[in-house]
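Multiple structures follow.
The following pair of complexes shares a single chain, subunit A, combined with subunit B in the former and subunit C in the latter.
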Partner chain A sequence: MTRLWQAALLLFALVAIYLLPGTLKNYGVYIVTLWSVYVIAGMGLNLTVGYAGQISLGQAAFWGIGAYTTAIALKAGLPFFAALPLSAALCFGVGLLLGFPALRVQHHYLAFATLGFNVLVFLAFRNEDWLTGGTFGINNIPRPILFGWRLRAPLDFFHLTWIATVVMGALMALLLRSPWGRAFAALRDNPIRAESVGIDTTFYTLLAFAIGAAYAGVAGAFFAPLVGFIEPAPFAVTTSLSMLLMVIAGGSGRLFGPAIGAIVVVLLPEWLRFAAEWYLAIFGVLIVVMMVWLPGGLLSIPDRLRAARVLK
Partner chain B sequence: MLSRRTTLLLGTAALAVPQTSFAADDIKIIDNVELSGTGVTSGSMWQQGVDLAVKEVNAAGGILGRKIAIQHQDNQSQAQIAKAVATKAVDNEPYVMLGPIFSGDVNVSMAVGEDAETPTLMGGEAANLTQQGMKYLFRTSFSQSSAMPKVANYLQKTGVKSVAMVWIANDFGKGGRDTMAKELNARGIKIVADISTEPGQLDYSAVVVNIAKAPADALFAYMNEEESARFLIALRKLGYTKPIIGETVLASQRVIELAGPAANGVKAHVGLSVDAPNPLVQEYARKFKAAYNVASDHNGIKGYTAIYLIKAVTEKMGKFDRKLFASTLHGASFSAKDHPGLLMDVSFDANGDLDRESYLVEVKDGKQTITETLPPLGKK
Partner chain C sequence: MIDFLQLIVSGTATGACYALAALGFTLLWQASGTINFALGEMVMLPAFIMLFFIGPAGLPLPLAFAATLLVSLLVLGLGFKRLVVDPMLKHGVIPLVIATLGLSIAMKQGVRIAFSAQVFTFPAIFSQELLSIGGARLSVSDLGTVIVAGGLVVALQTFLNRTLTGRAMQAVAQNRDAATVLGINVQRMVLYAFLINAALAATTALLVTPVYLAKFDMGDTLGLKAFYAAIIGGFNQSRGALLGGVLVGVLENLVGAYLSPGYKDGVALVLFLAVILFKPEGLLGKPEERKV
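On to the complex of A and B.
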């Protein structure tokens, strides 16, 4: 019965989010769409960091590769639904390559290896003018066309993005429930034991990076037409840090963690704007407070409450 | 349990989009500005200039009897946030939008203003912004394509045959570098070194060593405020002696303040300067200093004059009408005699680019000294 209730609630939530922005003005729709894009990228990073235990500070680089691939493809006249898988596939391939350092180093060493990778990709975006437009970026990126119907209206584009987010989320849930998901968790909890019971740790480490990167690629593919303009700046290391914050603030290794974490990173600063010039300061304080009292993220609150009740 | 919590959180967050309240009779103006991130130095000056002008205009009875209600919204110097701010702004149907200042942020915001048919007075200087057929976008300062010819003319006049160029690798620096390179080539001045530097760079020793090696008659440096100051300090430390030429920022108040004596001797073309030999500008500089206890730079003047431009255009029309505002401003000229708040005579062309007089300056004893006043391009 509880499972049925949970399923019903989830369905209600998904439909509610689909319908809610209909009541918002363009700004609200834009922000919720941006949130949706971050959720996709966050889900990928959650797989790499939260489930497979591989620290990564390079997610923004993949997000950028996805965004630039889609922008260049759309400008070249390719339809969005061809550019999207192209972005995902390219990120999957590059992610696989980035997985190799992870076979040799762990923890903060791996963090720095991925950070270096992000800097490299950023420099490529900025310096390869002929391909990426350099510091001027790429402007007037068109919105996708679906069956001859251009999704120029913000609400239509949000619906497309949200459907993609739900599909990507469902795929992630399936992956995590499969033997692969358990293998990722085994890799995170104790790689030596995982290997001793026959899990190919090399294969799963590479895959954790590649799938995580592909999610960022999909997110990037939606980001480019959403903003309509891309330049190297959003794909710098600071964004990778925001994405990591998103995973941790929501609850690392929890399926709905990135959705909650993206609220913290994307919606909370906007929400705090009533505080005028103090809004970023308040945001910073809230993050510190949250990390001190809730290192397990917002989704660890129910567990904490349950534990407190048991202790009594 | 999780899904209920998720639903609640998502629901409240999506609903909780803050709404702004303006009084019914106020003239709504929303400023999309860099108040955090890499653009904060420029953005806060701009904001202070805007606030000063709004206070004055409201104290003097507003525009056509209505008061200005200004709202500053931070875009974090990030294009995707600037677009959010612009979108939020047009949802509120402002009379005019101000900002952004960074060219990348302008790039995303201008399309939003265009769709909503809302005039946008921005602080960006990159040449390409006004070359895309925008009907509602206007500058508050020179475009690089009008400023760089003046610098190149000066170099040619002083007999410079070869130049070393150092620029900052962002859209501002790259845009300036490309425009300048074109102008130098057109005048037969050779570029013997072409060095890009990083935004936020701290150590310029290697750059200075490379410049010193290049057989150049002069150095042209084009960077943002903090980088310019650090670069000048490095140049002096390593004993660079050839002429150092810049455009606006290199000789700006902020750079002089940060670089100290290292800025002495720098020559530049300056579009806006609080040291201009113009009583209106000097009065402005005094008021700014009294209000904020810092000297205004060109961004302060840009923000200040933007508000007075709105006043001048609206009074010319005699009513509040966004579409008419844009068409009135295209091709219009305003004199500082009739509109003292504009500080200088100014005219706009069909692209939204502006033209006014400008100055050649030299930094002497920590002060910008005007050496020559250049007439507007239109009045050759």
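On to the complex of A and C.
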């Protein structure tokens, strides 16, 4: 019965989010679409961080590779639904190539390697003018065409993005329930034990990392037509850091963590705008306070309350 | 050839500053497993505190530096350890990484509000003359920076290797439990590491700011470079930070001058990636053993 209720609640939430932006102005719809894009990238990072237990500081690089691939493909006249899998596949491939040597060293070294990779990709975006337009970027990226109908209205594009987010989320849930997903969790909880029961740890970690990268590629593919103009700045290391923040703040290793975390990263700064120039400073302090009091993320609150009740 | 020499000297000067910041980073890592992403901001903040003491408070530079050093020790040393690191250490590395990240945003934006986003000049600590040595024109401030930074690194090495307190700090870095059994006050040694880090940051600010000027986001590049330097040289070796810093500084200069200014930042990065992939313990480091 409770499972049925949970499913009903989830369905209600998904439909509500689909309908809600209909009441918003264009900027509001843009922010909610951006949130949706971040959720896709965050789900990928959550697989790497929360399930495979590796720290990655390069998610924005994959996000950027996805965005640039889609932008260049769209400008070349390819349809969006061909550019999207291309972006995902390219990120998956690059993820494998980077992960293969980097995962020999694991843990904090993977964090450093991905950070370096992110800076390198950023420099390439900025300096390879012939491909990426350098600091001027690529503009006039067209919106996708669906059944011969161009999704120009912000609300239509949001609906497409949101459906993609739900599909990617469902795929992630399936993956996590499969034996593969179990292997990822075994890896995070105790890599040495996982290895001793016959799980090829390197293979699974690599796979988790590459799938995480492919998710960022998909997010990038939606980001490019959303903003219509891309330049190197959004794909710098700081974005990777806020994506990591997003996963941790929501609750790493929880399926809905990134959705909650993306609220903190994308929507909270918007809500703090009343504080004018103070808002980023307040944001920084809030992060520190939250990590001190709630290192398990926002979704660990119910568990904490339950534990407190049992103790009484 | 003469250009080459000049590039090497000025690169070494920049690198020596990276090395100082990197040294603080490795010390914190060794003492408490803290990966400090607010590294650059910990240099930026003392620079602005010093500007405050010089400007509105009207102190002469040496006094301003002394006052800044004191504030840094209290806030970036003691405060950082007690309020941020201590409560979080038991939750592992990741929350702490995120917290230092939040701290860096808060420090940067706090300074932007207090001082505006303008660029501020900073009084020079060395004379602006150029020395002519064998046809090469070397700036006094570059040489001075190398001497001060190098001297500090050597002094710190001597402290760590030759004094009882220094050796106790190293023991804590290697094995906390064993250090406790030997009667070493572990918490005190960790605190020393935080205090030394704060002092190094304040000194780096004094050396760097006259050249690179004070701006609220000056810590971004500096932090990244110091971070590369720490990894390249060897995460668990203090000597490594010096080698890493100088390598990064010199390479940057040479690539910027001879290859491509656009990829000036890229070469240190490639070196950094190569070190991580092929010799993760760093050029001078010892491999970390896997613990079950």
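Operating definition for what follows: the second predicted complex is superposed on the first by the 310 of 312 C-alpha atoms of A that agree within 3 Å, B and C clash if a C-alpha of one lies under 4 Å from a C-alpha of the other, contacts with A are read in each partner's own complex, and residues count from 1 in each chain.
In this section, a residue touches a chain if its C-beta (ideal position, glycine included) is under 8 Å from a C-beta of that chain, and two chains touch if they have at least 3 such contacts.
The model shown is predicted, which means the values in this text are computed figures rather than measured ones.
Student: Quick one: is A:Glu195 in contact with subunit B, with subunit C, with both, or with neither? Answer first, second, both or neither.
Tutor: Touch partners of A:Glu195: none, neither subunit B nor subunit C.
Student: Touching A:Arg126 in the superposition: subunit B (first), subunit C (second), both, neither?
Tutor: both
Student: Of the two partner chains, subunit B (first) and subunit C (second), which one does A:Ala113 touch, if any: first, second, both, or neither?
Tutor: Touch partner of A:Ala113: subunit C, not subunit B.
Student: In the overlay, answer first, second, both or neither for which of subunit B and subunit C A:Leu244 touches.
Tutor: second
Student: For A:Ala102, using the defined touch cut-off, is the partner it touches subunit B, subunit C, both, or neither? Pick first, second, both or neither.
Tutor: Second partner only.
Student: Regarding the shared-chain residue A:Ile260, is it in contact with subunit B (first), subunit C (second), both, or neither?
Tutor: first
Student: With the two complexes superposed on chain A, say which partner A:Asp156 touches: subunit B (first), subunit C (second), both, or neither.
Tutor: neither
Student: Between subunit C and subunit B, which one touches more residues of subunit A when both complexes sit on the common chain A?
Tutor: Greater contact footprint in residues on subunit A: B.
Student: Looking at the overlay, what does A:Met291 touch: subunit B (first), subunit C (second), both, or neither?
Tutor: second
Student: Counting only touches as set out at the top, which of subunit B and subunit C does A:Trp278 meet: first, second, both, neither?
Tutor: second
Student: Using the superposition on A, tell me which residues of subunit A are in contact with subunit B and, in the other complex, with subunit C.
Tutor: In subunit A, residues 126-127, 277, 280 are touched by subunit B and also by subunit C.
Student: In their complex, what parts of subunit A are in touch with subunit B?
Tutor: The contact residues of subunit A facing subunit B are 6, 9-10, 12-13, 16-17, 20-21, 24-28, 30-32, 34, 126-127, 134-137, 139-140, 223, 226-231, 233-234, 254, 256, 259-260, 263, 267-268, 270-271, 273-274, 276-277, 279-280, 298-299, 301-302.
Student: Name, in rising order, each residue of subunit B that touches subunit A in their complex.
Tutor: Per the touch definition, subunit B meets subunit A at residues 1-7, 9-11, 13-18, 35-36, 72-74, 76, 78-80, 83-84, 87-88, 90-91, 104, 107-108, 111, 126, 128, 132, 169-171, 173-175.
Student: Of all residues in subunit A, which touch subunit C in the complex?
Tutor: 49, 55, 101-102, 104-105, 108-109, 111-113, 115-117, 119-120, 123, 126-127, 192, 237, 241, 244-245, 248-249, 252, 277-278, 280-281, 283-288, 290-292, 295
Student: Residues of subunit C touching subunit A in their complex?
Tutor: Residues in contact with subunit A: 35, 37, 84, 87-88, 91-99, 101-110, 112-113, 224, 227-228, 231, 260, 262-263, 265-266, 269-270, 272-273, 276-277, 280, 292.
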